[in-house]
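See structure below.
Chain nomenclature is as follows: A, B, C and D, assigned in order of appearance, with residue numbering initiated at 1 for each chain independently.
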Amino acid sequence: MSRGQAVAARPPAPAGETHRASLLRGMTAIRLFEERCVELYSAGMIRGFLHVAIGEEAVAVGVMQALTDDDSIVSTYREHGHAIARGVPMDSVMAEMYGKVTGCSRGRGGSMHLFDVGRRFYGGNAIVGGGLPLAVGLALADKMQGRPGVTVCFFGDGAYAEGEFHECVNLAALWQLPVLFACENNLYAMGTALHRAQAETDLALRAASYGIASWPVDGMDVLAVEKASRRAVDRIRNGGGPCFLELRTYRFRAHSMYDPDRYRDKAEIARWRERDPIDLLVRQLREDGELLGEDLDVMTAEVTEEIDLAVASAEAAPLEPVEDLTRFVYSEAEVQ
Amino acid sequence: MSITDDEARAMVARAVRRIVPDAQVETLASDADLRRTFELDSLDFLSFVELLVNDSGVRIDEDDYPDLTTTAGCADLLVRRSA
Amino acid sequence: MPSLGADMDSGTLVEWLVHEGDTVHRGDPMAVVDTDKSAIEVESFDEGVVESFLVEPGTRVAVGTPLAALAPLTGATAEAAERQLPAPARRPPARKHAATRPPAEPGPSTAARPRVPKPRVPVPVGAPPLRHHAAELGVDLTRVAGTGPHGEVTRADVDRAAAEARAGARPERAPVRPETAPVRPVARGTQVSPYARRLAEELGVDLARVSSTGRDGAVRAEDVRRAAEASARPPSAPVEAREEAPAPGAGEVPGSWERSARATIAALMSRSKREIPHYYVATTVDLSAATEWLRRTNRERPVSERLVPAALLLKTTALAARQHPELNGFWADGRFVPGEDVHLGVAVSVRGGALVAPAIHHTADLDLGEVMAALRDLVKRARAGRLRRAEMADPTLTVTDLGDQGVEEVIGVIYPPQVALLGVGRIVERPWAVDGMIGVRPTVRLTLSGDHRATDGATGARFLNTIERLLLHPEEL
Amino acid sequence: MTTATVGTVETTYREAMREAIREALREDDRVFLMGEDVGMYGGCFAVSLGLLEEFGPERVRDTPLSESGFVGAGVGAAIAGMRPIVEIMTVNFSLLALDQILNNAATLLHMSGGQVHVPLVIRMTTGAGRQLASQHSHSFEGWYAHIPGIKVIAPATLEDARGMLWTALQDPDPVLLFEHGSLYNMSGTLAEDAGHVDIQRAAVRRPGRDLTLVSYGGSLSKALDAAETLAVEGVDAEVLDLRSLRPLDDETIMESVSRTHRAVVIDEGWRSGSLSAEISARITEQCFYDLDSPVERVCSAEVPMPYAKHLEEAALPQPETVVAAARRAVG
């Protein structure tokens, strides 16, 4: 897996596409990619665990707008959206889920452990809260070596209850580290609703107690997410210390493919679907005349084709030779 | 402290089983000759006496050996000596 | 000098916080001490006036060394001290582990700047072009299968292709494989498994003559059994003479171990009868002195050290063997080889019929208590199958005591390559004439089997007489 | 559970364990179940499905994702007289609570000079084989079996899944109960009145003469498969189910090995410093003079468990690798 891959490997946006239209394209890409994953999982082509973020696309796309090549990302096992929004090529993500050697983790990580060091995407983490210490470490290294990077750490309301969250936010605040704690609060930690896990459910309010800037954000409005993310990242870059964003969002599907979703009532899901992030933006673009006639259909078709190509290349790609089983357990000579 | 007859018999059974692990002690008649039944040679018998002494705390000399041929005999001696 | 840490045995006085003549109270800090971990203020545990400093700043002293001399408070200074003393200042309890206070920095304090590591220049994006690397190794890039993202050829692929091209020339040393492949012990020469080695002892098989059929070249139990059976059959004997193992189900089939042990003894005894011209001499010995002595001795000994007659017989036999060395050794290559000391073999019947004769080493040098302990230990281990190699290998003369089994006389077969065997019967009350008078005495019948190639009956007879004489004075053993 | 023939029921390992928990909750009001998603969600592996509805939120308690927090709370409750059953969703997350398990649960009795008892049962799912990749496929029984002060058991059969929990709950000291993730769907018949079983003795699951296969938990079925293959080749293998990993039942192990003279130990842990290493050392120490060949070990390859199926299978002990090891042992 060579290092220093060029960042933008997605096909370039068509000339003249407005910024907001590109946000729509980004969210649509994630939505269609994950819906395809659900199909492929059900067909047995993708195995193990699969956690999709359908409904939370605004968070991934919105936050990524504020980041540059120098910034780092640490994610969770619900990471496809973050990876794709960061520019990890769809075919290498799909190949990874097929367990192929051309996958972004050589088929060894699977859906929960996507890595692309060239794009400073430091992987998903399957231990809830497990990524927080990594993010703090990355930010510490950036700060000590005078690099301008900001590290974004995605985690959920579940991780908020982990001891590691407390330890890491406190540490970042204490050492004024350039970390954006992006809490994707989708109201459920697997089967446990927020109010059954947290005595005080206003997560942004409690995060402020660590002496860091902390705002709640409408996680279904990509523009609001982008605005808040830019404001937070700029503050961090100018030495304002770590920030906490409580991105209030919702996942339309179950925790994972295994989850019978008995713990949520349907009415609540329906209510949140009325604020589907893609529909919200489409409606706004139509009102402002930035999205005409069948522009949306054209965009959808282009994205679908990109996904078809990714699936085809994943199916055709080779497996890793079994003799390589023990490689990379220790770093090999040529890796500088 | 004095030893009851049952305790004494249990001690004898335990001692025999320690010397001859597969000995059928439960079904043994209380007047059967221990040495002949379990083929105890002089060393085995000495270990048997040693186990009884350690378990019961009672003093047993070579002159007592004639009383120790059967389970009943052993038990009586232990009970008598510990009273 | 107080101890300020579990692992502290000495300390260095850094500075005094008081002056000679000052009045100090309990708990007042008097000096600063360095404990290798940190500098700590030391307090006074007494009241008094500082009379003199016994240790100069900068010197290291052992814990417990007095640092200063305090004069007791005199009348005047005592009241003065009393008055200014606030309510009795309770000395803060000594913290279990020394309170590490920030060191009193003598000079202008330069807060130690966290050492900023030399910034590591990130590797320039785009290592040396792959083409150049491939050219160096003489690898044609077009024919290399890429394993990088979307099929891209990586440096590792080039290296692998180059390695395959050089397939002919073996790399001098295989790269060290991390902890993955289990290292298989390769059998060099005739390696022998522990169980096979033990079986060889028991079956009297000479391992040097056993070839391995195991895949990894090691000699295993099966190989030893096959060798034992082969040597048990005298080469000339027709095949059918070899009796088959009893058909299973015919009564209690001895376990495989017993069957093999039986085969061992069969082999050994047949060889003994085939090769050794036995002669036998016997005598009956009066044991009254010995048994009387035993009874008196045992009364004073705890039960765990009580002696049995067999111990007495072993000791006397060992002493006799010392006096008649021609009976204590081996017959090898047509001549007698004397044993370097007396190691008496004790024939032990193991439950289930097998018979082994392990040795008590240097029997003649042991006192009766030691012989007794050795005997008990040996029998216990023999029956548990835990005999050591040496014990099995080299008894110099064997004693078979079947008294417990109730027989009066034992005429035994010698264990090759030994040259003698003493058979001991049961202790029996017999009518006995002493000075013309008839009495009843405890007696035992001793029978010596001798190898006529090594000794004659006369030697055997002298050996038995020596044993008899020794038994008349047990107290001297 | 459905009633099959008279006196037995058709059931699964998951249902047997659920019945064990239900019995404990019903029979002893000091018992309560605590863990992530054990209530509303019904348990990550559906072991505690329905228990919240039957016993209520006080006795079947969902927790925030704070392993160190709620395992430590379990220790405290046990000290204060409760008999908690703490479920750590998988052994992989138990690392977050290792400090509570080792430094508190295992150590308090000794530290307190015998005053403080911790009658706590911690249940964890363990093992690999379901393509859950490196962070969800660990097998740390050997680590925990290293710790003095706790007992470690591994039910591999329906009887043990049904009968071990109650015995563990009676134990005054902490007991860690490992359920291999691949066993939950195992189905079979179980006596209707299947009762409580001992948790200290190993069991001979298949008597044999020529060598001893030592296994436990998820590896037992692989050992039994290997034994059947070996039987066809004329090698009669004895299969031991350790059942208790701490303390190890040396007596049963050594009795078997001293009879068969050969041993293969199967363990899903990584070879270096694994439980199989300990067992092999003990066999060499106690049965040296009975060994006709070196003790063989079949363990996981020393790599973080890969996701791709063919790589995971190559990494894990398999019946074929057990048979190969057995052939080496028989020589």
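Operating definition for what follows: a contact is a pair of C-beta atoms (placed from the backbone, for glycine too) under 8 Å apart; a residue touches a chain by one contact, two chains touch by 3 or more.
These figures come from a predicted structure and were not determined experimentally.
S.K.: When you take the mean of every protein CA atom shown, which chain's own CA mean is nearest to it?
M.R.: Smallest centre-to-centre distance to the global C-alpha mean: chain D.
S.K.: Need the CA-centroid distance for the pair chain A / chain D, whole Å please.
M.R.: Between these chains, centre-to-centre, one finds 37 Å.
S.K.: In whole angstrom, what separates the CA-based centres of chain A and chain B?
M.R.: 80
S.K.: How big is the gap, in whole Å, between where the Cα atoms of chain A centre and where those of chain C centre?
M.R.: Centre separation, chain A to chain C: 62 Å.
S.K.: Residues of chain C that touch two or more other chains: which are they?
M.R.: In chain C, the residues touching two or more other chains are 178, 180.
S.K.: Mark out which residues of chain D touch at least two other chains, giving numbers and ranges.
M.R.: Correct list: 301-303.
S.K.: Where in chain B do residues touch two or more other chains at once?
M.R.: As it turns out, chain B has no residue touching two or more other chains.
S.K.: Please classify the inter-chain touch graph. Allowed labels: line, ring, star, complete, other.
M.R.: other
S.K.: Could you run through all the chain pairs that touch each other?
M.R.: Every pair of chains in contact is listed here: A-C, A-D, B-C, C-D.
S.K.: Under the touch definition given earlier, write down the residues of chain C that touch chain A in their complex.
M.R.: Of all residues in chain C, those touching chain A are 116-117, 119-120, 123, 125-127, 145, 147-152, 154-156, 159, 177-178, 180.
S.K.: Which bits of chain C are touching chain D when the two form their complex?
M.R.: Residues 178-180, 182, 184-185, 193-196, 198, 214-216, 218, 220-221, 385-386.
S.K.: Going by the contact rule set out above, which residues of chain D touch chain A in the complex?
M.R.: 36-37, 40-42, 44, 62-69, 92-93, 96, 130-136, 301-304, 306-311, 314-315
S.K.: Considering only the defined contacts, which chain A positions touch chain D in the complex?
M.R.: 47-49, 99-100, 107-110, 112-113, 125-130, 158-159, 161-164, 189-192, 196-198, 259, 262-263, 319-320, 322, 325-326, 329
S.K.: Using the touch definition from the top, list the residues of chain D that touch chain C in their complex.
M.R.: That would be residues 261, 271-272, 288-294, 297, 301-303, 328, 331 of chain D.
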